[in-house]
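Both complexes below contain chain A, partnered by chain B and then by chain C.
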Partner chain A sequence: MSGIAAAPGIPPGADRDHSPYLWRASADPVSAAGWSRRRLLGTNLRSVLGRAFPRIVGALREPSWVAFEVGMPLLTTSAFVLVYRALGAPEAFVGFAVVGGAMIAFWMNVIWMMAAQLYWERSQGNLELYFTAPIHLMSILLGMAIGGLFMSSIRAAVVVAAASLLFGVQYAIEDWAALAVVFLLTLAALYGLGMLLASLFLLWGREAWHMVQLLQEPVYFLGGLYAPIRVLGSFAYLVAGVLPLAVGLDAIRQLAFAGTEQLGLLPVRVEGAILAIMAVLFLVLAHRALAFVERLARREGRLTIRWQ
Partner chain B sequence: MATPTFASAIQTQALRRVYAIKPRPVVALDGVDLDVAAGELFGLLGPNGAGKTTLIKILTTLLLPTEGTARVAGFDVVTQTGHIRRIMNMVAGGEQSGYGILTVREQLWMFSQFYGLGTREGWRRVDELIELVGIAEQRDRRISSLSTGQRQKLNLARGFLNDPWILFLDEPTLGLDVGAAREVRQHMREWRSTVPGRTILLTTHYMAEADELCDRIAIVDRGRILAIGTPAELKRRVQQESLFRLEVDRLPGGPGALAALPGVLSAVTAGDADTAADSGGAASIAVQLVLQDDAALAAVVSNLTAAGVHLRGIAKSEPTLEDVFVELVGRGLSEEAPGAGDGEANE
Partner chain C sequence: MSAAAAPRPAAPATGPAASGGPFDPGRADPRPLSDAVRSLRAGIRLGWAIESNWSDPVLFAIYSVVKSVGAVLLLVALVWIVGAGGRSDAVAYLVVGSAAWTFVGGGLIGLVQTILDDREQYRVLKYVVVSSASFLAYLLGRSGAQLLIATIGCLVILTIGIVLLGVPIDPVAIDWPLFAASMALGLVGLMALGIGLAGFCLQLRQEAWSYPEAVAGGLYLLSGAIFPVDVLPEAFRPAAFALAPTWWLEGLRRALLGRPTPGVMAGLSDTAVLAALAVTAAALVVLGLAIFRVMLRRARDRGLIDQTTGS
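Up next, the complex of A and B:
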């Protein structure tokens, strides 16, 4: 039997016959494996798009999810709005509840469709294919995040629009650019945290369902979703230091309802800086955690052996 | 780092893999030496728990060896994983990868992006592969609605997407009907023959499949390679003995009772597929015998007759790979190794 070197394949650039068993000809495995940095980067960027694709298709193909995922937060938001109005609370609190109800969409997406996702991908058999594809797993996580953002943004926008119309919320935005920056920083930090949690769930999660629940209700409470985080007192500073949702929401509220700064926890600039640091930190930690998980998976047989 | 050389598509030396699980470690591979030449269709034949899937997982960079070395197209599986991932692909039998909400076409396109095909290029390639593997009618159906056979054709198309040089196929015809399995085997042959140097490593426990497809076969059991050769070479190992197939209405004491008789080298019951019922509905048990010579058959028949067993048929057999396996291991290929299965999730 001759070796590959002695029996080369079709030289690159040569006219391939139209055998459907061949698409991109390469001379031999060495040239096929020798990718340029540009090709490597391009493939990873395409992978981001590829992994976002099923989420975007899913969101558009089965719009029934909107009814459930918008309806439920609207009910909870409405309950808080009615309580605030019955108590005669400042009208800004109504707006706070609406914004909080919208931001839940992103947190739900982060814990259900980011943090728990790799764990579920493993049981489906997708994880092995991601590991053996010539890409970095961060591309897969980024694709998940972008696909998830698409879904969550629709949900959040619908909640804001519906609740604002329903309760006549008056926004007072003086600095649109700052609001956009803070919003994007919040998402970056949130999804960075989701990427980190994805590795950790995979590592420790015997049952991702329970881990997700552990992060759901406590964060609703600590994140100040329906009331300013300041009401938590000095404990709020600790929460703001670890939970991007809490600090992001606080900054968004200050910017969306000008004049309510006294209800905010920290100045918006400080909160923006915290969010930026969190975004970078979580992304770096996610990258490292993923590398650690892959090493562990290969060494101990975890993740790819289903009984483990 | 040494420059890779490609005399071998796959090469392992003293490869060992131990799973550190409680209550005791499981040795899944125990000193495997393998050299698969470029362009070969090489088969790993063995029962559940033999170590076949562990070997594939090491070669596809999913697992690290505990000891020894393994190279794919000259690239080291420990230090050059990126290179290996660019030139190989893998397909497993019963694979349920992907997302049920996607159609066949969308699913394949998604995977094409992981291998760097351009957006439009990906769609064109996907359409071509869908036609090729014969699932054109299902192209716009969600993958959750596909039959097992259609699903496996989809998986095979996924395996072809990146024009790999080395294709790892782990029980690719598992659970398929005869027609679908035949088509999958035909695709394997044609894919390989399109470009000289393309290599397939196939694991299977279907002997006929290994016999039909493989240039060479390694018989694996309990993490060790017991024999390597072409199917003809392997079968010649047992050709000097006499092989008989008996059909009886019952078998008191099981095949072990026959194996203890003088001149009988081994006796195993055939698989379920070989156990039939006659026109009256009575069950029939098929037994494969390996005898020192034809004369030993007399003692077997006498023994069965004395036990009141009704002999329904005797036929002299040509040796099969199962006979080789029985001679090497002392049990049938369909019989799981004692204590096996705890080291192999997918075998």
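Up next, the complex of A and C:
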């Protein structure tokens, strides 16, 4: 049979179309595996769970991270609250800083444990395993996102609870459902952006570390982490169209502190729609970018070179 | 004849002598000062290469500037949003504090990350430790490169503050002796703290990377970096006054802005501020070096120099 070479030891009469011992020209491990759709789906779902597992179990096994993940943002948030107090700002701003301090947990998780993660995986030698397994890279990233969400949610919840108690923040929530929807849309858009950035960061070498650094303070400013994004003037509309953290946080603040809508950038419904569009767009772009990166890895092999 | 007294077998001829090159006995002699200077220079060169050659100079310059600008605008936004934009004292306080804080990134956080980077990522720490190089001088050199980058960030923030935000810093009116003394003592204190923390972090398996950030976060809150110490709850104020960065920042503000911070600090003379800075920085030097020596010895004994934790 042309194009197929039998490996030594294959018994005569074996199923030559599906035998794993036969070489066939194939585009990627998924087509090489020749699995049914159901089996592929099952494997991808197991990959999601498999990648989420170490993050969740690791977080439970090594609780020392809680001290840093909660303590450090609490320190920073406290510093900004005290700046507001020093400036004699209205108490609503203290609440704004606390909510922003909590949302940093998700942003840090997205840039460090999603965007830069494939870069670390490459250094640790795991990336080639992902590329050679019959799974889609999106399932690995989704697993990372689920595991990361577990840690980030604990961090954010503790920061909100502790800072609210410490500084006596009063919330005025009139529409819990809208708040929950906006929050989930923000997370979907944020993690979609994280998946997209992961593929870009993989193309970079040591720049990845520096780019992550660059995505901190400037994004805290542009994303309105500690001061409402409205302070940016008309530039804020541009930021809201690119950065899900900015538009999500603006909507969350409007819903968590009823009566402060005049400090918001856009009506909550509009911001919700922007977030939904962003979530879909980032996921589609991430899918394409990862497919491109995977092709590049197979063709050139340079994406598995370490310490570059 | 005991084994110890047995004549040592001749080692196989290798190296320059084997290849006919002259052997320089001076190279085997310990020369602490020249070794330290050479290690310091090598550390600075290596540190600068690591920090700057990941990109082309233009992108590197943009990176160095944007990060610093973002940090200061983040704070100035707070002033604007509460309608205190007209309060030049508040803006000046934040700008000088943010500008000075860039040195904490290089002198404290960067120094600890250097030792962890060399052990975990580049895996060269064991070679540096067993070489004739002065380890402490090498570490300070690596940190020195980061301080150079911090200087760029500091100057950018001050320039933005003066040009765009109207911070009243007049180069002619700056109290240069006070500025130089405050900066020198403050940096020595910060680096001493970084040295001690680097030794401590060598002992850790998990979360070693987080310790310098945590310590810097604590200092940020307590040392009056972005708000006066008077705003702190009363229970925390003694801790603030025991920290060298509190006095370092106050000295810099007095030198650059020509006036003390209102509140408790206003009652102190420049000399008192400098004296407090000198005492607290000296305490950090003694403590930092002692911790580093003890921790380095412990790390050697327990084989922690060449371990990789995967963190």
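Note that the second predicted complex is superposed on the first by the 267 of 308 C-alpha atoms of A that agree within 3 Å, B and C clash if a C-alpha of one lies under 4 Å from a C-alpha of the other, contacts with A are read in each partner's own complex, and residues count from 1 in each chain.
By our rule, contacts are C-beta pairs under 8 Å (C-beta built on N, C-alpha and C of every residue); 3 or more make two chains touch, one makes a residue touch a chain.
This structure is a prediction, so every number in the text was calculated from the model and none was measured.
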Inset, instruction - Have a look at where A:Leu49 lands relative to chain B and chain C in the superposition and call it first, second, both or neither. - result: first
Inset, instruction - Between chain B and chain C, point out the one touching more chain A residues. - result: B
Inset, instruction - Identify the partner contact of A:Leu87: answer first if only chain B is touched, second if only chain C is, both if each is, neither if none is. - result: second
Inset, instruction - Using the superposition on chain A described above, determine whether A:Ala227 touches chain B (first), chain C (second), both, or neither. - result: second
Inset, instruction - Could you tell me if A:Val30 is touching chain B, chain C, both of them or neither one (first, second, both, neither)? - result: first
Legend entry - Partner chain in contact with A:Asn126 - chain B first, chain C second, else both or neither: first
Inset, instruction - Could you tell me if A:Gln213 is touching chain B, chain C, both of them or neither one (first, second, both, neither)? - result: second
Inset, instruction - Could you tell me if A:Arg299 is touching chain B, chain C, both of them or neither one (first, second, both, neither)? - result: first
Inset, instruction - Kindly classify A:Met72 by the partners it touches after superposition: chain B alone (first), chain C alone (second), both, or neither? - result: second
Inset, instruction - Considering only touches as defined above, state whether A:Glu62 meets chain B (first), chain C (second), both or neither. - result: both
Legend entry - Contact residues of chain A, present in both the chain B and the chain C interface: 62, 124, 307
Legend entry - Residue ranges of chain C touching chain A (in the complex, touch as defined): 54-55, 63, 66-67, 69-71, 73-75, 77-82, 84, 87, 90, 94, 121-122, 206-207, 210, 213-214, 217-218, 220-221, 225-228, 231-232, 310
Legend entry - For the chain B and chain A complex, residues of the former touching the latter: 4-9, 19-21, 37-40, 57, 60-64, 73-75, 82-90, 92, 95-99, 101-102, 106, 109-119, 125, 128-129, 131-132, 160-161, 163, 165-166, 190-191, 194-198, 215, 342, 345-346
Legend entry - chain C contact footprint on chain A (complex, rising order): 62, 64-65, 67-68, 71-72, 75-76, 78-80, 82-90, 93, 123-124, 205-207, 209-210, 213-214, 216-222, 225-228, 230-232, 263, 307
Inset, instruction - Flag every residue of chain A that touches chain B in the complex, lowest number first. - result: 1-5, 7-10, 19-26, 28-30, 32-35, 39, 42-43, 46-47, 49-51, 53-54, 57-58, 61-62, 124-126, 128-135, 297-301, 304-308
